[in-house]
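Everything on this sheet refers to the single structure shown next.
Just so it is clear, A, B, C, D, E and F label the chains in written order, and each chain counts residues from 1 on its own.
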Amino acid sequence: MVMNLSLIDQGLPGFIVLGLTASAFLLPLIHYLVRRRWVIELYSLLVSGAACTLSWRILGLVRAMGKPLVYSFGGWPPPLGIIYVVDLFSGLLGVVVSSIMFLVIVYSIGYMPGDRRLYLFYTLLLVVEAGMLGCLYTGDFFNLFVMLEVISISSYILVAYYRGDRVAVEASMKYAMYGALATTMYFTAIVFAYGSTGTLNMADLAAKIQGIEFPITNGVFGNLHYGILLFTALMLWAFTFKAALFPNHFWLPDAHAAAPTPVSALLSGLVVKIGVYAIARFIYTIYGVSWINQLSTQIILILGFISAYIGAILMIIQSDLKKFIACSTILNIGYIGVGLGIGTSLGLAASTYHIVNHAISKALLFLSAGLLIKIVGSRNIASLQGLGRRYPVIGIPFAIALLSLAGIPPLNIFMSKFLLYMALIGSNNIPLALILLIPSIISFTAYTRIFYTICIKPPLESNRNIGHSLLNIPSSIPIYLLAITCILLGIGIDYILPLIIMPASNILANTSIYINTVLNYMKMI
Amino acid sequence: MIEYLILYLYTSLFIIFAIAVYGVVVKPNIIKKIIALSIAGDTANTLIIFLGYRLIEYPKPPVLPTLNPSRGEINSFVKEAVDPIPQALVITAIVINLAVVAFLVFLSIQLYKLYGTLDHRKILVRRGVGSEA
Amino acid sequence: MKLSKIAVLTVILFIAYILLAGSVTAIDLLAAAIASLATSVIVADLLVRDVGKILDPKRIYYLVRYFIKYMFIIEPRAHIDVIKRIISPHMPINPGIVAIPYGVKTDYAILTIANSITNTPGTVTVDVDRDSKLLFVHWIDVKAVEPEECRRIISREFEENAEKIFD
Amino acid sequence: MEKLLIYTLLLTLFVGGIVVAVSFNVFGGSPSGIIRSLALFYLENMYNVYAKTFWAASPEAVNAILWDYRGLDTIYETTVLYTALIGCLAIATGLEKKFRPKEPGLTIIVKAGTRIVVAIVILVSLVLAFRGYITPGGGFQGGVAFAIAPLLLIAAYSWRRLEELGFRLDKAVLLRSLGLAAIALIALAPYMLGGYILQNQFKPWIVFAGAPYTIWVFYIGGTLLFLNISEFFVVSMEFLMIFILLSIIYVGGEK
Amino acid sequence: MIDTSGVLALYVPLVTIVFVTSFTLYIIRMLKGPTVPDMVLAVDCLSFDLAVFIGLLSLLYKTPFLALGALLLALWAFLFDLFIAKYLVKKELGG
Amino acid sequence: MVFEVVEWIIFYIGLGLTTLGALCDLFGSLGLLRFPNFYVRLHAATVGIIGGAVVPLIGVGLMSLCSSQLGVYRFAVATIFFLTAFVTMIVAPIGTHALAYASHRGRVVKVEPKVIDMLEKHRGGEK
């Protein structure tokens, strides 16, 4: 299976990320030269389309190689320079990210009102995409900090994009303030890691924890145990903030609800997952089989449970549709955390599958709900009554998304939840499985309430007279694509699980392959 | 003696960091929060710069003072220069902090325009979330 | 006109760059040329109004003479005076703000007078009124209240030199 | 209140952890006489004219790390600043500006002095930027030093006068975009020519020749000089934008 | 070509004592200062004297690279003055 | 040999200027503490800045001009210190003036004790 890639193919991950950034750099210049709305839209569509295609190609290359793809910037071997390491897990998430981003950009063409600031919106979308792909592909934990900051700052800005909206600006302020604190925490974590191990490379760090000799940075510098412990504590604070896990979930409902709808889909579906990805990468790939892995999985398990409960309880009390959807994100992140915390390979697979499924379903739910909200002009659930029945074109994908998130059998979220329960039972944790059933039931009632109000009940008097003219085609295409994917991921689980999910989750937990690939890459140089 | 000095510096840095975190969380005024945030960032920067210091008599900055060094010059330079990595990391971190703070300040101007105050408790009241307690 | 300004400034800044950089390799000369040209293009209109005055050797001679006299005679005298006031136990101060008329025209001349006044301890320029041509000076030991009298005591020497250098 | 409790708890834990850290020597006793081996490797090899396998052609270690060994970080650091500026523009674009024409700025003395200082500031910032690969300094530091100039002009005069002098917002956006495009081009050009992204000097394990470190008699340190100049453009213009945007008072909201 | 490091190694610690004493007095005024201009004035003096101190350190540590820091420090102190003055006069910074 | 003697002389002049500056600095800070009023303190601050910063900066510049341990950069270092002294000479009085102007104009500090306040009279006369 081993094959030698050309340098062009090896460099694809770096090229995608840098190319996206460069095109984001050029967008204001293009706006300056050509003040046409369609030029900006076409440009960002083309750029994100190209990124999407290339990320699929990277996944194909990684699959064909059978081992992680390593690329070093500037030609420097790993501990010296920055490297990108793309394995199946990050490749898979990269594909999810770039595809959904592409659909979000298609959706925004129909959705966003055209004003003088529109080019800034698309610039920010491209920067977020570059940041997310960079976070996924990087193999250097200081670079991860920088990329995380790229994502964070552009998402703060995107939340405050409706600058006249009081709630949006306040939510962005809260998000930015505590988010910046969290990233400072991660920087402090880096200080501890660099202080104790003397390296900034993830594979090097993993080798240090496993006791493997790594060239150039020979041996550790300080006390590895306590250094790693402090690193883990601060790192978990930062990434639980980004992932909205329990103690740091408070910013999410406001921020995700107040943002423009495409941004909500992006934040809820993808940006939150970067935090989860980083936690998974550190806990499993870097820490490998060690005491610190045991400790942190336990913490994540507990946090996941609490998050699931809090998300479910917050969901039933919401009267605002977008806030409701945002709270459901907390619940689902809780599930993912539980899956990561179990630590068996089935649990990891369940988590991986849930990450993918939730990204797709949540994006679909936000995007379709956004169209409904745009028709009425209000986010209140009561005033949206019966709209799904009145406009079946939007109503059907909306219903699919709701049912999928509620966990109705043939759809995708049911499958990953089912895997999660199987994993809990398989690791002899039947009481835990029962405990986790409760938030599931609570959220099910909440979803059914929304489903009944919007899709079953007759429309309100005031909503009957609105015409069809508000429907637009560019916004409908991504919704249908996502809905079809939802169904396919549910039905085709027998095919998809062994095809990509299981290999991806297995490689996540395989430290030795990660270290050895990087070491071999150094020797090759 | 020098060990106690190092211990003192570490401890004071961490106490400042803790105070800054406290300030971000507790202070009601948003500008004060931003100041506390930048203090937190600067403390982390100072910490890593401090780690890279070299405890010898006259440490040198990591810059070779000549363009045509002899082998001996390079060798003595390696023995005297401080760790350059923290300095490079800190420049990155400073820029990032600065960017975040610039944006936050701009956002707080907008916030003031919308709410007429920068007190977090009053903002919550005017949004209809908190109470006037 | 603008070109001559830029040319003169470029030469001055070129020399300054080389002195600051401290090395005269080929790339430094090139960089110095580019940097000084760029800087002078940016600041030419802001900085210089009349190129002839920069190149006038008489003015430069007066500047140097004034600088030396100021640093070695006027400054130490004023310093000693104020230090005496600081360390004497009962602190003999007699402060107040007085008005001093001036007769110079250009901005830089006013700047020179004001800075000379402020730089000598004991007197600080508080405000300047261009319409009635008055400088307001905070004086630690008010010896006179009449404007012309103050002018004689504080700023006559500064003004004469400023007029020779800049006007 | 419970949020407060949680954070206070975490705070206590954090401070406790620190005491543990110091007492158990997490940092390997540093600062001490020895430094980490990665840093030693950089110091040995960055300008080792006798063994050029790992050299970065810069006698300045920080600049070599910033733009050669870890160039990607620096590019994204610039991206963060760029994004923050985009955010400020997103908040400010299209709002009405308020300006009091009556007697802006400070006294004539301040104005005259500021003019002289501005010239010195710009020259020093250019020295910092141009010589960044040989002496301490570099694009970012030069940009920050340059930023003093518009700040002084804003304080002594007003932002309106600053715009009259040619420090305009649209010009700044344009120059910044050009600088960023130059950085991206320098980063991606080796990749197109068959080398690594961001490659500076020749590496024995790759065919691509890398950037020359001298052109005729000019020692330029490969791509470092050009990256520093582009970064100087970007950072100085971004600071200019920040200061102009922050000093204008915008009135009126959206429709 | 003279090597002055021996003299400097003796001289700089001695003069440092004087400088540190005056820094302390400045800091007392800075903390005590009944009005804002008092504090700013103290910070101003402190910055300019720190520039001198940087110069002495660069001689002691035999590194030529600290010097530009002194220049920039002086400039920042000036900037600080101007902004405080502008704020006190106009109550805004831009106009 | 003669050259070296000249260098030593220049060096000791620099040393003396620096010592003088340090003493001025001490007196300036003392005055800043002792004087009763902001406007009077301005004079002490002038002692602290001109005597305490410009003079020793020139001294440090002279010292670095003769210190061969700084290597080839010693002329650059000396230039930078002279430039800093020059900039300080322009900048410091302007800063002091700006502060005095602002605190008088914005009525932050009262001119008390005083013998006479012509500026207040001048302004009052205008209005």
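Methods note: contacts are C-beta pairs under 8 Å (C-beta built on N, C-alpha and C of every residue); 3 or more make two chains touch, one makes a residue touch a chain.
Bear in mind the structure is a predicted one, so any value in this text is a computation, not a measurement.
Listed here as common contacts of subunit B and subunit F: D, E. Comparing chain pairs D-F and A-B by the number of C-beta pairs in contact, the larger count belongs to A-B.
On a Cα centroid basis, the chain most remote from subunit C in this structure is A.
Each chain gets one centre point, the mean of its Cα atoms, and the points for subunit A and subunit C are 62 Å apart.
Subunit D and subunit E have CA centres that are 25 Å apart. Annotation: 58 Å between the Cα-based centres of subunit A and subunit F. With each centre defined as the average position of its C-alpha atoms, the distance from subunit B to subunit C rounds to 39 Å.
Multi-chain contact residues of subunit D, defined as those touching 2 or more other chains: 3, 14, 21, 27, 30, 36, 38-39, 42, 70, 73, 77, 80, 83-84, 87, 91, 106-107, 109-110, 113-114, 116-117, 124, 127, 135-136, 219, 246, 253.
Residue numbers of subunit E whose C-beta contacts span two or more other chains: 62-65, 68, 71, 75, 78, 82, 85-86, 89. Shared interface positions of subunit B, defined as residues touching 2 or more other chains, are 17, 21, 51, 61, 63, 65-67, 85, 89, 92, 96, 99-100, 103, 107, 110, 114. Inter-chain contacts, as defined above, occur between A-B, A-D, B-D, B-E, B-F, C-D, C-F, D-E, D-F, E-F. Interface of subunit D with subunit B (complex): residues 3-4, 7-8, 11, 14-15, 18-19, 21-22, 27, 30-36, 38-40, 42-44, 47-50, 59-62, 64-66, 70, 73-74, 77-78, 80-81, 83-85, 87-88, 91-92, 134-136, 140, 219, 242, 245-246, 250, 253. Residues 73, 83, 87, 90-91, 94, 97-98, 101 of subunit F are the ones touching subunit D in the complex. Residues of subunit E touching subunit F in their complex: 1-5, 7-8, 11, 15, 18-19, 21-23, 25-26, 28-29, 35-38, 40-42, 44-45, 48-49, 51-52, 55-56, 58-59, 62-65, 67-68, 70-71, 74-75, 77-78, 81-82, 84-89. Residues 58-61, 63, 65 of subunit B touch subunit E in their complex.
Subunit D makes touch with subunit F in their complex at residues 106-107, 109-110, 113-114, 116-117, 120, 135.
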